[in-house]
Structures are given as C-alpha cells and as structure tokens.
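Presented below is the structure to which this report refers.
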Amino acid sequence: MRFDGRQENELRPIHIETSYLMHPEGSVLITVGDTKVICTASIEDRVPPFMRNQGKGWITAEYAMLPRATGTRNIRESSKGKVSGRTMEIQRLIGRALRAVVNLESIGERTIWIDCDVIQADGGTRTASITGAYVAMVQALHKLQVNRSISKFPVHDFLAATSVGILENGKTVLDLNYVEDSAAQVDMNVVMTGNGEFVELQGTGEESTFSYNQLNEMLKSAQEGLMELFEHQKAALGDDVVKLITATKKGKSK
Amino acid sequence: MRFDGRQENELRPIHIETSYLMHPEGSVLITVGDTKVICTASIEDRVPPFMRNQGKGWITAEYAMLPRATGTRNIRESSKGKVSGRTMEIQRLIGRALRAVVNLESIGERTIWIDCDVIQADGGTRTASITGAYVAMVQALHKLQVNRSISKFPVHDFLAATSVGILENGKTVLDLNYVEDSAAQVDMNVVMTGNGEFVELQGTGEESTFSYNQLNEMLKSAQEGLMELFEHQKAALGDDVVKLITATKKGKSK
Amino acid sequence: MRFDGRQENELRPIHIETSYLMHPEGSVLITVGDTKVICTASIEDRVPPFMRNQGKGWITAEYAMLPRATGTRNIRESSKGKVSGRTMEIQRLIGRALRAVVNLESIGERTIWIDCDVIQADGGTRTASITGAYVAMVQALHKLQVNRSISKFPVHDFLAATSVGILENGKTVLDLNYVEDSAAQVDMNVVMTGNGEFVELQGTGEESTFSYNQLNEMLKSAQEGLMELFEHQKAALGDDVVKLITATKKGKSK
Amino acid sequence: MRFDGRQENELRPIHIETSYLMHPEGSVLITVGDTKVICTASIEDRVPPFMRNQGKGWITAEYAMLPRATGTRNIRESSKGKVSGRTMEIQRLIGRALRAVVNLESIGERTIWIDCDVIQADGGTRTASITGAYVAMVQALHKLQVNRSISKFPVHDFLAATSVGILENGKTVLDLNYVEDSAAQVDMNVVMTGNGEFVELQGTGEESTFSYNQLNEMLKSAQEGLMELFEHQKAALGDDVVKLITATKKGKSK
Amino acid sequence: MRFDGRQENELRPIHIETSYLMHPEGSVLITVGDTKVICTASIEDRVPPFMRNQGKGWITAEYAMLPRATGTRNIRESSKGKVSGRTMEIQRLIGRALRAVVNLESIGERTIWIDCDVIQADGGTRTASITGAYVAMVQALHKLQVNRSISKFPVHDFLAATSVGILENGKTVLDLNYVEDSAAQVDMNVVMTGNGEFVELQGTGEESTFSYNQLNEMLKSAQEGLMELFEHQKAALGDDVVKLITATKKGKSK
Amino acid sequence: MRFDGRQENELRPIHIETSYLMHPEGSVLITVGDTKVICTASIEDRVPPFMRNQGKGWITAEYAMLPRATGTRNIRESSKGKVSGRTMEIQRLIGRALRAVVNLESIGERTIWIDCDVIQADGGTRTASITGAYVAMVQALHKLQVNRSISKFPVHDFLAATSVGILENGKTVLDLNYVEDSAAQVDMNVVMTGNGEFVELQGTGEESTFSYNQLNEMLKSAQEGLMELFEHQKAALGDDVVKLITATKKGKSK
C-alpha cells in the first residue's frame, strides 16, 4: 500500500473539464489527484518564420506554474526575466508529443499554441499537461473543422502521458505524487499513442540506476495506466470526436 | 440599459470562493461577471532588505494574466523576459491599496506576498484583483493569529475596489466590462475602505477630459457599488473574521 | 507656514527656458523650485506598428533621472537592464496626458517622442515633466506647422500638472517638495486643461486614507496652482502660439 | 550499408585526448567521427547555496557550441542574452548523468564544473560530451585524491553515452551522424554504467512513434556500442585509475 | 581654415561651470563648443567586492547620452535593456584615466562614482567627459579632505583629454567636432597628465591607416591643446585646490 | 632575461594551423606561446540593416573565452545574459582592424563574420585573435574568388597585431604573457599593415603613465615583432594568396 492508500499500479482520480474558459478555441481543466492544470489551445493564422511557405502547420507549447502552485512560493519567471531549464524542457516535450499525432499538413499554415498553466501541483504536472493539452488541442482543431477552415481532420491518434517510477523500497509504482517523486530512485515519463506505440520515453536514475528488467516492469505498469487515461479523454471529447479520430487513424494506416 | 442588460449603477454578478487552492495560506477565486482571478496570499518569514530591522512587515503584490485570458493570445511576460508597464502599475497599485488597511507593525518582520493571476478577463481585472486579494490576505493573516504567530490582528478595515466610467454616450456607468471599457471616454478606479474613505483614486480621460460634476457623479456611483462589494467580502470571510476586523477598527480609532 | 517658507497654497518659483538644446525640434529646461527637468520633443516620420495605416499620429514619452539627480546615487536603469515600475508608470502618465490635448489626426502618421530627463530632483518631477513637456511638444508641432508639414494646428488646449497633498499635520498643501512628499499622508497628482477640465487624477493614501471633503479641498488648491502654471506656459510660448492654441480650441468646440 | 559506409551497429572512430588544456584540473578533446568536443572539469571549493552544510559535493555541467561548429553560423547565446531550451536540456542531462556514478559525500563541499564546448558538430554532440566529460571529471577527481584533498575515491563506476535511432528506411542504427539524425524517425540517447545499468534513457519519435520491439532492438544496439566506448575510456584513463574505479565499485556493492 | 572657422590647432571655446547640481559631492557642466556634458562625482563609503579589505579606494565611471543629445533620437539604453559596446568602452576609458592621477590608498575604502551625461553632442564627448569629470572628482575629494574624512589629498596630477585627427584632405586638426569626426581618416584620443606624460593613447584608422610621421604630428597638436585645457581646469578649481594638487605631486615625486 | 627566458624584443613561438575546422569558409588555430585561439570566418550573403543598398560588404567580429581558458573558471557570458565591456571592446577592435585592409566594395553585399574563441589564454589573446582572424578571413575571401562569387580580390594588405609594454622594472618588452601583463605599468596593442602603417594604437598606463621616449621605444619593438608575424602569416597563406594580396596592394596604390 502507498502513502495515499493507492495500489502500486493505480492512477490517482482523474477529472477533465472541457470548455473551461470562454476565450480560447480549446480549454480544459485537468485534475489528477491534487494536481490541477489549465490547458488551452489557441489558433493563430500563421506559422513561425522557419516554417513559412511549406504548406504545413506548427504546434508549440508553453508551460508555467502559478507562484503558489507549490508548497513554498516560487519567484515568477517573468520577474526573474528568464525561463528555467526545467520549464523549457517541459514545454519542448509537450509540443513534440502533440506533434506526433497530428498531420501538420492538414492544418495549413496555422500555429496551435498550447498553454499549460499549473494552478496546483502535487507531482506529475508535465504528464497531466500532455494528457489535458491533447483534449484542448483536439477541441480547437475540431472547431476549425466545424467552421470548414480545414477540410481533413488532422488528429490521427489518441495521446496521453503518465509517470512511473521505482521507490526507495524498490517497488515499481504508477503515477507518482509529489512525496513519492521526491524520494524515488528512478522516474520515468511515458507518452503513448492510443494504439500502444511510444512517442516519448524519458527514464532517469536520480543518483541511481535501473536494470533492463526494471525498465520492462515500469513500461508494463505505464501502459496499463495509459489505457485508463485514454478512456477519460474519450469521455471528455465525446463520441463524435472520438469517431473522427478513429476514422483519421484508419485512413492514415491504409 | 447597457450592452449586457445592466442598469447604469449595477455591478456584475460577484462570487468569491475561498480556500480555492491547497498550498497557499490564503486563496480565493473571485468572479466578477466573466472576469475570473485567482488571488493567493503567501507568508514569508522575512522582509525585503530595505525593510529589515524595523520590526514591521511588508505586503507586496504580483499580477499576471494567463496568455489566453483574453480574446487573442498574449505573449507571456516570462518569454518576453520583461514585465510590461501596465503589469507593474497594477501590481504596485494592489500592494499599496492593501497596505492601507493593515497595521504593518502587528505582522512582525514578515512579507505577505499577494499573487493575482487572471485566468479569464472581461474588464476590471485590477479592481477584481484588489477585492479578491483582500479576502485572501485576511484569511492568511487570520491563520497567523490562530497559530498564535501574531498577537494582535493587523487588519483594521475592509477594502474593495471597483471601476466607474463615462461612456461615449455621456452616461456614467459602474463596473465596466471589456466592451464598455474599450470605448469609454473616462475610466476611473476607486479603492475604498469599509468606512467610505478613499485609499486610491485614479481617473483618466482617454483622449478626453472630465469636469468636476462628472467626477462627483462617478464617485457617487462607485461608492454605492463598493458598499455592495463589502457585503460579498463579509459573506466570504464569515462572521468571526468580520468581528475581528471591526474590533481592530474600533481599537484603532480610539 | 511651510518648511521652505511658502503658504499652503503657494507654488514654488517656476522657470521655463525654451530652445534649451540645439538638436531637438522642441526643448525646454523647466525649473520648479529645486526640481529641474530637461524636456525634449522629437518628431519621427512614422508611427509604431499598432498605429499604422490609420492616418493618425502618436505621442509617447520616456522619463529618466540622472543617477545623481537625488540625494544618494541611483543605479542607472541601463545598467540594471530594466526600467523600474515607477519609471514606467510615469512615462505612461506623461504620454496619456499630452495625447488628451492633441488632435492626433492633424499630425499625420508621425510620432512625437517626449523625453523628460530629471537632472535635479526635489519632489514633483512627474508634474514638472508634464508641464515642461507640453511646452516642448507645442514648439515642435509649431515648427511642423511653420514648415507646412501639417495644415491644421493640432493642439486644442493648454495642459499642465501639479501635485497637492495632505501633510502629517492634516494641512492641505500645494506643490510638495521632496521633504513634504516623503512624509505626506496623501499625495495627489492633478493634470488639467486650460479650461479647467481634468485629464488625470491620481490620489493615493500612503498607508493612510482621505475623505470626500479632503478630496475637494485638494482639488480646489490644485486648480488655483494650475491656473498660475498656465500663465508661465503662455509666457514661454509667446503670444502667437497662444493665439493658435486658442483658435484651435474654439474651432474644436464649435 | 550506411551513408558513410558504416555497418548498422558500428560506432564512428573515437579518439580521446587527455590533458588537452593547461589550466583545468581535467580536460579532454573527444573526437567521435567528425564531432569534436572539448570537455573540462574544474574544481571549486564550495557548493551552490541550496547544497550548503550537507557535507556533500555537487557536479554541474555547461554546454555550448562555437558559432561555426555547424554548417551555418549560429548566433552566440551570449549575444542573444539567453540560453536556448536545447542547451539547457543538454546541460541538465550531462550533470545528472555524471552524478549517478559519483559518491557526492566523498568529494566534500566542492563543486565539479563540467564544461563541454563543441568545436565541430556532426551529430551526437550530447552523447560525446557525456563520454568525454566522464574522463575529464575522473582525472580532476584523481588529482584531488593524489593531492590528498579527499580520502576516498568518489567514482564508483564507468559511464558513457551513445545514440541509437530508426532511420526512414526502418533500420535501427547506432551512433547517428548529423545527416542520419536529421532524417531519423526515432532518436534515442542511452547513458549507461560500466555494469550495464541504465542511467538515462531518452527516446523520442520525431513526428513518429516506436513499438516495444523497436525499443528492444535499439537498446541492444546501444549496449554493444557502449561496451566499446568503455574500452576507449579505460585506455584514456590508464590502468591505475581503472583499478581505482573498479575497487570503489566493489567497495560499494558490498 | 576649418568648417567652423578654426585654425588647425585651435580648440573650440571651453567653459567649465562647477557646483552645477545641488546633490552630488562634485558636479560640473562642461561645454566644449556645442558639446555639453554634466559630470558628477559621488562618494560611496564602500568598494566593490573585488577590492574589499585592501585598504584602497576605487574610481569607476558611467557614461550616457540623453536620447536627443544628437541630431536624430537614440533609443535609451535602459529601454533596450543593455549598454552598447561604445558606451562600455567609453566608461572603462574614463575610469582608467582618472585612476592614473589618484592615490587610491589615500581615499580609503571608498568608491568615487563618476557620471558623465551628455546633454548635447557635437563630437568629442568622451574627451570632454574626462576633462570635466576630473574637475568634479577633484571637488568631491577636496570636500572629503575639508571634512577631515581623509588625511592626505589623493590627487597627484592634473588630467585632461582631447582628440586629434587627420581629415580627408590630409590635414591634422585638433579637437574635432561631429562633422569633422564623421569624415576623418584617423581619429586619436589623447589623455595626458599635467606634466606631459601619456595616460592613454587611442589612435584608430577609420578604414584607413597612418604613418609614424602622422602620429608625431598628431601628438604634438594634442599636447598643445591639452596645455590650454589644463589652464581652464585650474581656473575652474581655484588657486587653493591647484596648490594642493601641486603639493601632492611634489610629495610623490620625492 | 624575462620570466620565460625570452629576450626583451623576442616573440613567443607562433604556430598557425589553417583549415582547422570542416564547416567554416576559413578557420585557423593560432598558437602564440601558451595562448591558443580558434579563429573562423563565415560568409553570409547579406549585410546588417544599416549597410543595406550601398553595394558594400561588412566585416564584424565576435570574441569569447572558454570558461576554463584561464587559471580560474569564468562564468559564461551566455549564463550571465550579457557580454562584458572587455569583450565588446575586443570584438569592436578586431572588426575595425580587419576592415582597414579590405576593400568592402569588392565583397559585395556580404557580411564576413569573424569568430575568435580563446581555448587557452596566457596573455595577448586580442592580438593573437587579430593575427589569426586575418588568415581565416583571407582564406574565406579567397574561396569566394575561386568560386567566382567576387571578381576583384578585396584584401589589399597584410595585417597583424602584437602587444608591447613596460614592466615594473622599467624594461620595454615585446609580446607580454599573462604574468608580465598582470604586473606591467604600461600596456600597448599595436595593429599594423604589411607596409608598416598603423591601423590601431592603444596604449594604456595601468595606474601609471608613459613618456614620449617610452612610446617610441615601444613602437620600435612592436614593429620588429610585427614583421616577424607577417612572415608566419605568409607561410600559412601560401605563395599564391600572398601574390594576390601584393597585387591588390599595388593596384590600389596606383
């Protein structure tokens, strides 16, 4: 039994509230245990300079925490005048992950801006951000399709992320909260598509190492958790959108 | 009748949700019409260098908007690497306003950090921030009192803020939303204490001017709105805390 | 009697030296007591991006202090690599105030850059800046008219600013110097047009508050001081320019 | 056969030149094919503030490229005034990896600064940096031991890194050069200890995904390459130092 | 005959107004032709970290131009958020030059901050800054002596600077104004002590070169101009201070 | 005899390795005693904004040190987020010096980017940078000529730099190393063309001064050293390129 009463391979309670804000094209409040992230998707009708005139779109992400999302107050990155390495790493990860399941040609020369703002943090903020951002992004792209701004639906698979790790006692556990994460020997983030393929795998020994067998055990646990997360995403998106994605996937694999 | 059906001297619907987040000593989600601000109060057990060894505390505020709090996405100030003049003006205003109703000696050498993060904007974000931040701050200071970290309750009055303005049609209106604010000839922010004294008055003609009579009309409308806002704050704070403030006020005026 | 021998409603000695520098289109050294500010107006033949193709001009201001304008040396904002909140607040105020008396359509797609550089500070630097910058701006715009670069004179009213406040002894005083300002309970800056309308009103209780009656007393004192400041501006500008402004004002009010 | 004539599981030629510079405590020029990195290790007799008074040391890394290490000139990060997300990600990775094989208690309150400066880039600069930095660090720590500044040798295992990926043609290849890396579907960096345990695993689908079988194939290829890299490191370090590390490892596992 | 009617070896009219501002310990408005610079000297009772506990003082300088000191408006360095290379070069030069004639031991652990703010520029701003800053610094140090804060007068020689150059027509001219400077083939700044020794010599061919004979001709012209500048400095400083410097010089050379 | 056994007018051993890196159009590793600098020349097919549409090219330089090029580690300028005054001074000097021997019209609207990265420092890094950068630049421009991108060879003279100084013992020495430079009373950098004309002369008394006779002695020593440096450059460039430069020089002087 874990600190908070969960089984080793048990996710924390998930809730995904869609259309959370009035202005963005897509917006979600995702709750994973005590971690809460506002994810929005904004559509801009142009691409960054390095992408121009290629007939393709772009997806980019930004991530931040409210100063008091955590137990002690963090100095705002705007006050410090620079973005930390950790923040940059996370926003690059989110953008890269989402791009793996979107046909960038189908969205035309548009940029999808993803903003993940953590309003309360209890571990797993980057994986919650990916899982929530996916839903916000799909809603924004669906709106483009409904408005007939694009002709082919660009999302060809589901995408979610979770963490898995090895605790000090050697146990492999799923979806670490802050207390577990702080003390874990190994921490691994897994981003996966709906058909069970890896998009991103980041395993890190924290002043520690892990063996091939431990890797396999972690991957198995992560995969089970991710299958559950896909169900939450599908419920949040609704049947019509789920069918669109499934159809795009089939169209692609032919 | 106004754009959104309100009377000229009618506030938008207000809601103040206290203890909104798990980590901060005080936290509030304040909703004023479609404007939503998360206000937190964090207590740090030291003061900035320029205040040291004076036996007094300090209150300082930071303000930000989520990139997609508005109709079009704003670039994050952390990405730009600097805080805009507008942001600085607002955070200086919030801090100054709150300090007017707190006995800084009574909080000892502590800093109260106020964070106002606008998650959805529809005009009046700075006044909503002050009104919400006051409640978050009182809760944090009340916790200090309950923990016996301080001996005298330091808040000696209520404090709220609203805006008032003159529209293009010459009408004086209370609590302008974004559409009204964009087109107003005059925009005035009024910060007032529970006993009807001014803390801050900022009236600005937007490529326009205003007469002494118009000033008086605006002040009258603002005062009525503020009296209503105090009732919402009192309801949110609860009777015990309201009594504490009232008692501190009496003690001070003797 | 005040610290420096003045009556409560008495301004400090004023001097406005025009054409102070050889390069700028308009330039003034304004002296208000021991406060000295160099105000220049520069004309650029284009507007900032957000104003383009609207057939209108723009007026923007920058404000700075020499490091040793004050009793102790301040670190240069260029060395710190950022502009302080106080500086930003002041430069936004100066620009906004000047725009209230200029017909931006009449100046075409040009930017008037106002620079206010305080070379010696003894309180009231922001109000002296506005009063001096108005004169420098009018001279620069007059040159445009003389050169036939514009056809209609764009300045339709006079504009000046002063401060008023409530001292620790409860007295309302006009035009506070540094010693008075540091200890004042209430500090109010008033920007007014030649016909007695408010452009900007910023009243602040410094860990203090003020009543409606005190507000009225302050406004009365400010207005008297401003009437005197307009006479200094008129003397500095000369009869021909004064007539031009008066004529523009009449043309506008018809 | 690959672009440059290598077999799929063949590393590029490796050369590690030790004591490359006169000033640093440890310094290496590592050459991996056409990729050349200068790695230095500097010892500072204090730790960063967050580590003080814990009786432990710290290892931190910085990474940069000369502007013309690449085919087109990159703007210097010092000129841009900020460090890119990619750079931050890499320097965090290098530091984390090295800390996994060092007993931080044994180095006392010292910081080992690792600097990896790429003077010529042809893919795999981050893995070459780790492999080279390990050698520079070991030499610097060995010097500390020789000087009797530390009593227990702190390095308890070997450490090297390589990349492995899946090309557009579906082939799994080891040690990708720039041309291969640019077009690869999957790119994975593997950091491993001398006894075959993972320290870090970062696999990324580039607008693509990878299956569990592909993961296993990549890991196998990486492991073979890493075994070869350990031999190069051992040759560069010399027998005495290799024995010290082996002895520390045995001491630890008891 | 030159553009402005001067002889080749003729300085522009010089004026040095001392005690120009009320706050600084020393302050000067120096006018060299149409170039005007406010030079102030401020005394701080500590030295920068790298100088601590050596029983010596430090002299450092900052230099800036008002945005409209020149024919077209320059963007403020505080707005750009960084100081240009040209500015840094000049402020390093001013500080280095002044340190050459001051006995740093005699001023104790104090910093003399020199600020040179160009309010009007017409060539030669860096040399006018040095010449004016010397006078402001001497006055500030004299005040320290008068207050008995220091026991030995620290300034042991006079110091002034001028420019000399070779025009397009091949003529060697003294004290170039902006028009001459812009077109000159060679530009040389010479900083000299009262007894004719060089402190700093900076000669630059502007897409051009100069011979040994031309160098000698320039140095001769510069020396004559500098002798005249020393007379202006002496007149500004007054006999008593001049005697102090002369006495310190003699004391040193023994 | 000097610290390292050299005669007073003796240069340190020089080595210039050309084509040191694979990517840049020109690249050199220059070794002067223990000072080692990588100099590269990159050609960009456009000029900075202030140079556009003038039919001329531009040459600009950047200079940096690896953190551990020196005895103690320096913080990277990219981490500090700004470039030091010393760095700016040096890069301005390098660019200016190179422009003196190149016909900018002949290179068309191209920018030659010079990068000088010091990998090991033992005094004289700026002069070694100029001497090495000249060779890298010539090679890059020669490549342009060979590719027929330009029709006239633009380099019309040789260019090298060295330092000369006066030690504490009053001796004039050539090519100071770090130990000598740190203690020297006077330090002078001389940049000269192949025909013995000065391009740049920067002499600085370090809290000291120098006489006209000392200046002459230093210039004589510098010139002798520079003649030797030109021979090293010629050997590195090869006969064909040397002839091209000589021919361009003759063509120009006609």
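To keep things simple, chains are lettered A, B, C, D, E and F as they appear, and every chain counts its residues starting from 1.
Keep in mind that, in the parts below, contacts are C-beta pairs under 8 Å (C-beta built on N, C-alpha and C of every residue); 3 or more make two chains touch, one makes a residue touch a chain.
The structure presented is a predicted model; accordingly, all values stated were derived computationally and were not measured.
Colleague: Just to be sure I understand: going only through chains that touch, what's the smallest number of steps from chain A to chain E?
Modeller: The fewest steps needed to get from chain A to chain E is 3.
Colleague: At the interface of chain B with chain C, does the proportion of residue numbers present on both copies reach over half, so same, or stay under half, so different?
Modeller: On the two sides of the chain C and chain B interface, the residue numbers are mostly the same, over half being shared.
Colleague: What chain is the most remote from chain C, judged by the mean position of CA atoms in each chain?
Modeller: Comparing chain centres, D lies farthest from chain C.
Colleague: I'd like to verify one number: the distance from the centre of chain C to the centre of chain D, where each centre is the average of its C-alpha atoms, in whole angstrom.
Modeller: Each chain reduced to its C-alpha mean, chain C and chain D end up 61 Å apart.
Colleague: In angstrom, rounded to a whole number, how far apart do the mean CA points of chain D and chain E lie?
Modeller: Inter-chain centre distance comes to 52 Å.
Colleague: Where the centres are mean C-alpha positions, what is the separation of chain E from chain F, in Å?
Modeller: That gives a centre separation of 29 Å.
Colleague: Taking each chain's centre as the mean of its CA atoms, how far is chain C from chain E in angstrom?
Modeller: The mean C-alpha positions of chain C and chain E differ by 34 Å.
Colleague: Among the residues of chain C, which are close enough to touch at least two other chains?
Modeller: Within chain C, residues 81-83 contact more than one other chain.
Colleague: Once the touching pairs are worked out, the chains link into a ring; list them from chain A, going toward chain D first.
Modeller: One full turn from chain A through chain D gives A, D, F, E, C, B.
Colleague: Could you list, by residue number, the parts of chain F that touch chain E in their complex?
Modeller: 82, 84-86, 88-89, 91-92, 96, 99-100, 104, 188, 193, 196-212, 215, 219
Colleague: Would you tell me which residues of chain E are touching chain C in their complex?
Modeller: Going by the criterion above, the answer is residues 21-24, 27, 34, 38, 40, 42, 44, 62, 64, 66-71, 73, 76-83, 87, 113, 115, 117, 119-120, 122.
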